[in-house]
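Listed after this line are the structures, all set down as structure tokens.
Paired with chain B in one complex and with chain C in the other, chain A is shared by the two complexes that follow.
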Partner chain A sequence: MSYVSFETKEQASARALLVPLCLFLGALLGFPTLINLWYSFSDVSFQNMIGSFVGAENYIAALTNPKMWQALGFSLQFAVICTTLEVAAALVLVFILHPLLIKRPWMTAILMLPMMVSPALMGVMYRLILNEFTGAIPVYLEMMGHAVNFLGRGNIYKTVVAIEVLQWTPFAFLILLTARQTISYELEEAAAVDGATGFRSTFHILLPMMKPALVIVIFVRFIDSFRVFDHIYVLTGGGPGNLTTSISIYIYKLFFVQNTLGEAVAVSILLLLMSLTLIVVAMRLVVRRS
Partner chain B sequence: MIVSRRSRFDSVIHALRWVVFVAVALLVNFPILSTMLTSFKNNADINAYPPKWIFSPTLEHYRTVLASPNVDYVHYILNSVFIATVGTIFAIILTLPAAYAMVRQGVGKNWLLPVITNLRALPLIIFAIPFYFMYKQVGLLDTRIGLALISCIINIPIALVMFVGFVQDVPRELDDAAKIDGASMWRTLWHVVLPLSRPVMLAVFLLSFIYSWNEFLFGLILTTKSAVPVTVGATFFVTSRGIEWGPTAAAMTIGILPPLILGLFAYPYIGKSMLAGAVKG
Partner chain C sequence: MLRSKFLTAGAAILATALSASTALADITILAWPGEPSESAFRKVLDLYNTTEGAKINSKASVIYFSQQGFKEKMLADVAAGSKEFDVMLTSTYDVGLYAPFMTPIDDLVTDKVYDVISKNAIETQKYEGKTYGIPTDLSLHFLYYRKDLIDQLNTDPAWKAKYEEISGKILGKKLSPKPADQWDWDDYIASALFFTKSINPDSPVRYGTVLQMKNLLYNIMLWQGTVASNGGNWRDKDGNITIDSPAYKRGLEIYKIITDNEATPGDSSTYEYGEANSVFGAGQVAFMVQWNAAVPEFTGDKYPAVAGKLGLSHEPAGSEGPKTHFHSLGLGLNKNTAKLDEAKAFLTWLATAEPMKLYAKEGGSPPLAEGPMSEIAGDRPEMVLMGEHAAKYGFVMDGATSAKAMGIYTNMAENFTGYWTGEMEQDEAIANVVADMKKAFAQ
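So, the complex of A and B:
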């Protein structure tokens, strides 16, 4: 009897430790989500911040707007391309550079610098160095006889992809390198003794062991690129036209530029549902594997 | 004979690894290097054709930026310092006790921990609109504390995951010894767990500070003047009166320097925190 009450008392005080965190998240994430839900069914505006019920009007407007599908398409394509390039580049680099970096950890830090930079400021810096007239890269290319306008309509998509890939390949590299370094030397030795060297040991022993890390990298990078906002916003503002409008920039524009608040909120809710679905599916996959 | 050929092959491979390293390091860091160099050039050197790599450095653009009458950059820097520091401290205060309760008593470990861990996967723009209205109602628009709360939310998942990993590594015997001495859970947390948590606390602080400093979206939406963070303020140099290359480059350099320096110490924790979240989350 006394034992039981002792345990429940412990449990009760443990719950008390969770209360501040739960209250905080409830107030600052739960409540806004509820506001969002209400707004998505109302005719909210900057003048009328409570709004009145209008049914599914906002959702119909959101779903029938071809620009939303365009923005969604951009984000999905952008995420798939960037994730693929980043993970592939990082994986190749891990196998090339691992023997070098294992003895000189400080060198890894040099490769990690780009991901410490705010993506917004990274975007501004690229805007400077890619400037058609005075930017360092176009100037050098012109000296070599190739005039390239990186920020023009024809190249802008490739440019925003390249910036994302150059900034975040280091992240993918770091996670995969960390996973690679936890594989014990003994195991590699044993594999070598068994005659597995070079590509064979890479594909049959190392890659399978790095699989959990690979899954995480793909998931994190996909999510992050999918919700991209910062560097594209400062570089192009989503333009020219809607060429580089991601779903995040699309919602921002609906809200702050066009003032179509109800539609913006409806798209937000749709995006929330999509993200939750993706997370649940990804969690299922990870749990089933492990 | 075979041995020497073998070792020559090895040294070629080794040299190639170095070539790849240098090439990749230059490629990914090029904008940072180029911007930093530009910030120390005088206007004539900036416009020189071909671009100069060797020049006599000047601090004039830094003086311009820090004393600019149009853009109060020093104020923005202080805003970012405040927002990142306070947001990080809030996140630590909220998550360390929660992590302890989750690991030791198992409360919420099966539902709350995965929910919070996955929060970092949600697109932040979803919350931008309700936050704008909420903050407008309660007068938190364009305030430092308003943005500090946002930075706290952003950092809660990573702080919680790292603290959970830490508490799992604290030997249970230490807790039990304190318990036998009659210490309550709060006292155990304060006198046993907290002193041990210094290294992980530092790691959480570094990562949270970097992430908060680099936040842009909410700074853009929720501030206009008095609480503008560096990431947003730096863009003012580009859009105000055309691009002034020198001052913009100096502003960029100041804006990226704090996270760059902290990142030199923090980067190993990023790898660990990501992998820990997967195994335990």
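So, the complex of A and C:
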């Protein structure tokens, strides 16, 4: 009897302690979510911030607009390519630089530098660096007889991908390096004694042990690349045409330039639903495998 | 003794209260950033704060957002009822969008104002018959060209022969060189081809011209002189959308021919104002159509490669002669301001001769009326040209001051830059723009 009452007391105090957090989350997320839901079913505009109910009109407009699918396609493709390249590059760097960084850990800070620059500033920097006439890289390449037009139509997609990868590979590297450093030296030594060195040690011991960190990195980088905005907007404005219009740029233009706030919010909510579905599926897969 | 002390104290309190009631509050102005107008405007504010502002006890200060996303930030602020600024920016192309958040200033626009500011420019700050801003800067386009190169093209027999050969081969008609102020759009294209090194290896510059083709609404404003000069407009007088017209097709083709023949830098699809200036200033192209704001950059010593070689003319002519898009930026009243009298006092003062002339001398481009214009002509000769061009060639597309204008320009930018760079066909681009405009104007 006393045991049961102790449990109940514990549960009650745990619930009481959760109340402030729930209130905070309710205020922070609940209210905006509710008001955005209303916006998505209304003809709200900057001139009429209340709007009137229009049913599913905004959702129909969003789903039947080919530009939304084009932007979604761009974002998905961009996220897959960037995440793959960033994680692959980070893994290679981790395995190459790990011995060096154990002796000189301060060098990690230098490798983190690109991540510390704001993405919008990164866009401005590359607008200058890659300019055909004033940019250092095209000028030197031309002097060597290899003229490349990085911002030309044929290369612009590769350029925006390269900028994203250059900026965010350090993030993947940092997480994976931390995971690599948690693997004890004794384990590697034991594997070596058993004859597992080089390739076998990396693929059968180190990588499986780094798997949780790898999943997190892939997850975070995918989400981050999927909602890319800043450097592309600064560099290309989403063009030429809609060639580099990501879903974030598309929503931004719907909202601020086209003044179709309801449709912009409807696209955002559709995107949220898609992301939630993906997250639930991904998490279930991870849990099942683990 | 005690009584007289009380009386003195009471009088002092009363005097303080009275003087406080006559003192006006300080005001904040949200203005367009960027040189040279930013420094010029700060000088105007200094003048206000030491003269008229000091007289009425109201100081004015200025705040700036960054240029990138300026309008979006301002829109979000005014829609949220912000009182952080009392005076705000207005522009011809979005006066309709901001009108619900502003207080009209027709009561400030007296006959005296027309003696200082051009009547045409004040018209560009109107929406549905009401005036929303005092215009402070006029923006239009000039043809910027290298005098040395165009002079040689018109005098050197070898260059002339080559020009005829290139125009005949690529455009299918043999054209002869002309002075820049006599160009039509065919001459513009032919000259662009002639001065492109990949077409004419003897060209002293790498490209003939530089087009600004970033997916940006301002680049459509820059381009649409090609359309207006051929009689094109957004709508006809009955309100029908007239984008699917020979004038628009011709305008689109002009950029397409130049792009396909690589007579503009290969990364022009990411170019806007700054990039075009640096390419022209570096002496890498022979001419370009550019905003008037660039003139001071090329008349100073910033770009040695073009120093003393700059020629200015109107845009090339189409079937209707030369045309230039023009708009004005101005300052108007935030509807939510709690300091209406002070803000009105500032705008009233701003629309007088002294601040406007100071602004022009310091690098701004106010649309001055004839009288004050003649007084500053010595300091800013290109401003006289601006006034002439606005009056003779200026146009505002029908519907381009409406609440939907920004969205329409943006949609044009998406589709037309897509056509120029080969992302879509011309018919598709035009159809997309027409569909968007029908939707916008139906609303």
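Note that the second predicted complex is superposed on the first by the 261 of 290 C-alpha atoms of A that agree within 3 Å, B and C clash if a C-alpha of one lies under 4 Å from a C-alpha of the other, contacts with A are read in each partner's own complex, and residues count from 1 in each chain.
The definition used in the following text is that a residue touches a chain if its C-beta (ideal position, glycine included) is under 8 Å from a C-beta of that chain, and two chains touch if they have at least 3 such contacts.
Computed from a predicted structure; not experimentally measured.
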| request: Based on the superposed arrangement, let me know which partner A:Ala264 touches: chain B (first), chain C (second), both, or neither? | output: first
| Given the touch rule stated above, what does A:Val139 touch, chain B (first), chain C (second), both, or neither? | first
| message | One more residue to check, A:Arg127. First (chain B), second (chain C), both or neither? | response | both
| query | Given the touch rule stated above, what does A:Gly239 touch, chain B (first), chain C (second), both, or neither? | reply | second
| request: Return the chain, chain B or chain C, that is in touch with more residues of chain A. | output: B
| query | Of the two partner chains, chain B (first) and chain C (second), which one does A:Phe256 touch, if any: first, second, both, or neither? | reply | both
| First, second, both or neither for A:Met49, with chain B first and chain C second | both
| task | Using the superposition on chain A described above, determine whether A:Gly152 touches chain B (first), chain C (second), both, or neither. | result | second
| query | After lining up the shared chain so the two structures overlap, which partner does A:Leu113 touch, if you call chain B first and chain C second: first, second, both or neither? | reply | first
| field | Residues of chain A at both interfaces, chain B in one complex, chain C in the other | value | 49, 120, 127, 131, 134, 234, 256
| field | Residues of chain B defined as touching chain A within the complex | value | 14, 16-18, 20-21, 24-25, 27-32, 34-35, 38, 46-47, 49-51, 93-95, 97-98, 100-102, 104-105, 107-108, 112, 114, 116, 118-119, 121-134, 136-137, 149, 152-153, 156, 160, 184-186, 189, 210, 213-217, 220-221, 231-232, 234-235, 238, 243, 245, 248-249, 252, 255-256, 259-260, 262-264, 266-268, 270-272, 274-275, 277-279
| query | Where on chain C does chain A make contact in their complex? | reply | 68-69, 71-72, 75-76, 79, 97, 100, 213-217, 265-267, 269-270, 275, 278-279, 282, 284, 403-404, 406-407, 410-411, 413-415, 417-424
| field | In the complex with chain C, residue positions of chain A that touch it | value | 46-47, 49, 120, 127, 130-134, 149-153, 156, 234-243, 245, 253, 256-260
| message | Quick check: in the complex, which residue numbers of chain A touch chain B? | response | 10-11, 13-15, 17-18, 20-22, 24-25, 28-29, 31-33, 35-36, 39, 49, 93, 96-97, 99-100, 107-122, 124-129, 131, 134, 136, 139-140, 143, 166-167, 169-171, 174-175, 177-179, 212-213, 215-217, 219-220, 223, 226-227, 229-230, 233-234, 247-248, 251-252, 255-256, 261, 264-265, 268-269, 271-272, 275-276, 278-279, 283, 286, 290
